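Two complexes, one shared chain (subunit A), two partners (subunit B, subunit C).
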Partner chain A sequence: MASLEIIAEGNVDNDSTSLSLTGIDQSYEHLSIDLNFQENQTNYRSEEFRVSVNGDGLSSYYYGGTHMSLKNGNAWLIQSFHQSGYPVAIMGFAAGAYQNSAQRSACRLFFPGYSNTNFEKSWLGRTNSQNYTAGDSDSLAFSVGSRTGTSAITAIAIRGSGGSNIACNYTMYGWKSA
Partner chain B sequence: MSYELISHTTVSGTTTNYIDIQSIPQTYQDLCFWWAGRANGTTARNSVDFYLRFNNDSTTEYGNVLQYGKGATRYAGFSTSGTQMAWSGWPGSASYSNNQAASLFGYIPGYRNTTNYQGHHVYMQAGSSATASEGSSDSRAGMWLGQWHVEQAINRIEIGFPYETYAPNSTFTLYGVKNS
Partner chain C sequence: MPLGAFKTGMFGAAGSSSDGGAIQWIAGMNGSGNSASLLFDNIPQTYKHLRFVMSNIHQTATNSNTFFIFNGNSSNIRMADYWTDSSTVYNFWRNQLQSNKWPDHYTPGTSTTNVGSHLIDVMGYTSNGADGTSTYSGYAQTFMMASYGHDNSTLDLHTGGVVWQPNGTGNPAAITSIEIYTYHSSDHWLAETRVDMYGIGTAAT
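Right after this comes the complex of A and B.
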């Protein structure tokens, strides 16, 4: 019997600054999300790719994380963070519309044990994009994010820097453990 | 292609060093696994050893290639002739506080293959993160490729801490990937 099932799939077409997945089915053990993603801004070749969970508002929780990223033709950028009052995890960088209005990043997020309530949550991400006419618009990132508390993850918001609308196709998978 | 659950383990108590999956079915094309947890002890986060071992083999047949970010620095390196597949210091502990959380996703292509002349490779993405200031400098994320240089089908996986124990409720989930 298949243990990997599609929970949700869809499209955001430049009509929102975030992809908001709410009411996530709690009957699976793990979640993964695949996206092709662009923040529709022309100021930068790539911008931060951000995740928050459970509709966290300002100062609600502490977030932490680390990402190692290549972008804009520069050397590796490594950042670690921990913060309250700014409840997002920076999961590397994803494409903007600076070089090519159609450029998108291939992104994958992993949320192990998202539905349990007995362990601190952390999640993994990786992003990349490639522009075949401009190497300095390529990007690559590996990342981890976390949040205080042991609550199950019931909602996930995915956005860019937050200042512009986004475009993406997405598929969310549930991984069974029984 | 489809994924089928082989086993799911949740650690109870504080005496488990390794999650030990034996008699792995030999009916799939590939294996895939998820790990979530950390060490239970108060050993400094950056010195907790974390190992994988296959088929109860403790000979010097393991290698690693790593690239990851920690704090604000990128690290890269490799090792050969190890007795385990190892990434020390990665998963964190209860040092300072209990706010460290770690995740690992792994994939083992052709785990039954005995004729590829390079043994087996494990592709892994891992990260651990602290949400407090004292732990943030030890948060890390990156890629890990492990090799077991033995031409045997993988039928057993041990994963965990040789010198520490698991924190309760850490989990390991193993899936078989079918080519149909």
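Right after this comes the complex of A and C.
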């Protein structure tokens, strides 16, 4: 029996503003997701890469997020927040569709202890959005997100900065502990 | 500290188990609430790399630290930790053999509103560097990421790693035990702290 199993895989092809993973199998200890991701936003070459969980809308949950990013060879860019009523964790930057509509970013998310119901959750991320066409929008980000409340993570939504559709392929893995 | 629950039948195998692909869960444990140690001993030498996943990291002391001990050695370890809180990137690079601490910052305490996660990749940990040669072996490099949050008000992010020079001599040595330790022996891992160890790939022989 494998210790690492694929729970779900597939594509979003510019027909939705988010990748919505629901009914996530709760039989694993940890969860990870690999993506090639792009937001079809034609105004920018890279856009925010955002994660929310459990279908949170304008909830009372506090979301936290911190990412340290290198963009265009500049100094580290830091963004950090904790707030309620805005259930999104910004996990760095991913490719937009400006100038290069075919480019996608390499993104990885890891949710340690996602199925546990005894503690609040935090998750880790990495994104790489080097732009092959123009060298003025490259980004590399390390990130963390969190949410108050101890419920298990049963649904994950991944989107770009706003209302534009996204394109991605994704693979979601379950990590066993036995 | 007793060994964690190990996967049945993994020891003594020549190469990775054939029942589960390239990544195998090897062992896992929770904190006991009365020990400073999370010890993985007798680590199988049949994989190329190791991955540790820690969740719900909590210690009995607030603003303490986490240390790594290889084969019982707490010295001859170099570390690098780039981390950020809310506004600044900090650079802790121990270019002298002076610190086995990682991250170079406090670990979540007992508050239920603290959060902590940790990913640790130990690359090439066997005596032959996992590539079948004796060159470049015994210096298993790690890549680590950690997040520590406090009372829903801060969320720190760490990236970096540690490297251990076996016995301070440069002679190759397999890493057979890894101990994740608190800053003081009187500080303990709480029971909800979870760590799992996975083996990745198959070491060359």
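Some observations on this one:
The working rule: the second predicted complex is superposed on the first by the 172 of 178 C-alpha atoms of A that agree within 3 Å, B and C clash if a C-alpha of one lies under 4 Å from a C-alpha of the other, contacts with A are read in each partner's own complex, and residues count from 1 in each chain.
Everything that follows uses one rule, which is that a residue touches a chain if its C-beta (ideal position, glycine included) is under 8 Å from a C-beta of that chain, and two chains touch if they have at least 3 such contacts.
Predicted, not measured: the structure shown is a model, and the values here were computed from it.
Overlay on subunit A: subunit B and subunit C clash in the combined arrangement.
Of the two partner chains placed by superposition, A:A102 touches none, neither subunit B nor subunit C. In the superposition on chain A, the residues of subunit A contacted by subunit B and by subunit C overlap at 1-4, 29-30, 62, 64-68, 76, 78, 80, 82, 110, 112-113, 116, 118-124, 126, 142-144, 146, 148, 175-178.
Residues of subunit A touching subunit B in their complex: 1-4, 29-30, 61-68, 76, 78-82, 110, 112-113, 116, 118-124, 126, 142-148, 175-178. Those residues of subunit C that touch subunit A in the complex are listed here as 5, 7, 19-25, 28, 53-56, 82, 84-89, 112-119, 145-147, 149, 152-157, 159, 192, 194, 196, 198. Across the complex, subunit B meets subunit A through its residues 2-5, 8, 34-37, 67-74, 98-105, 125-133, 135-137, 139-143, 167-171, 173, 175. The residues of subunit A lying in touch with subunit C in their complex are 1-4, 29-30, 62, 64-68, 76, 78, 80, 82, 110, 112-113, 116, 118-124, 126, 142-144, 146, 148, 150, 175-178.
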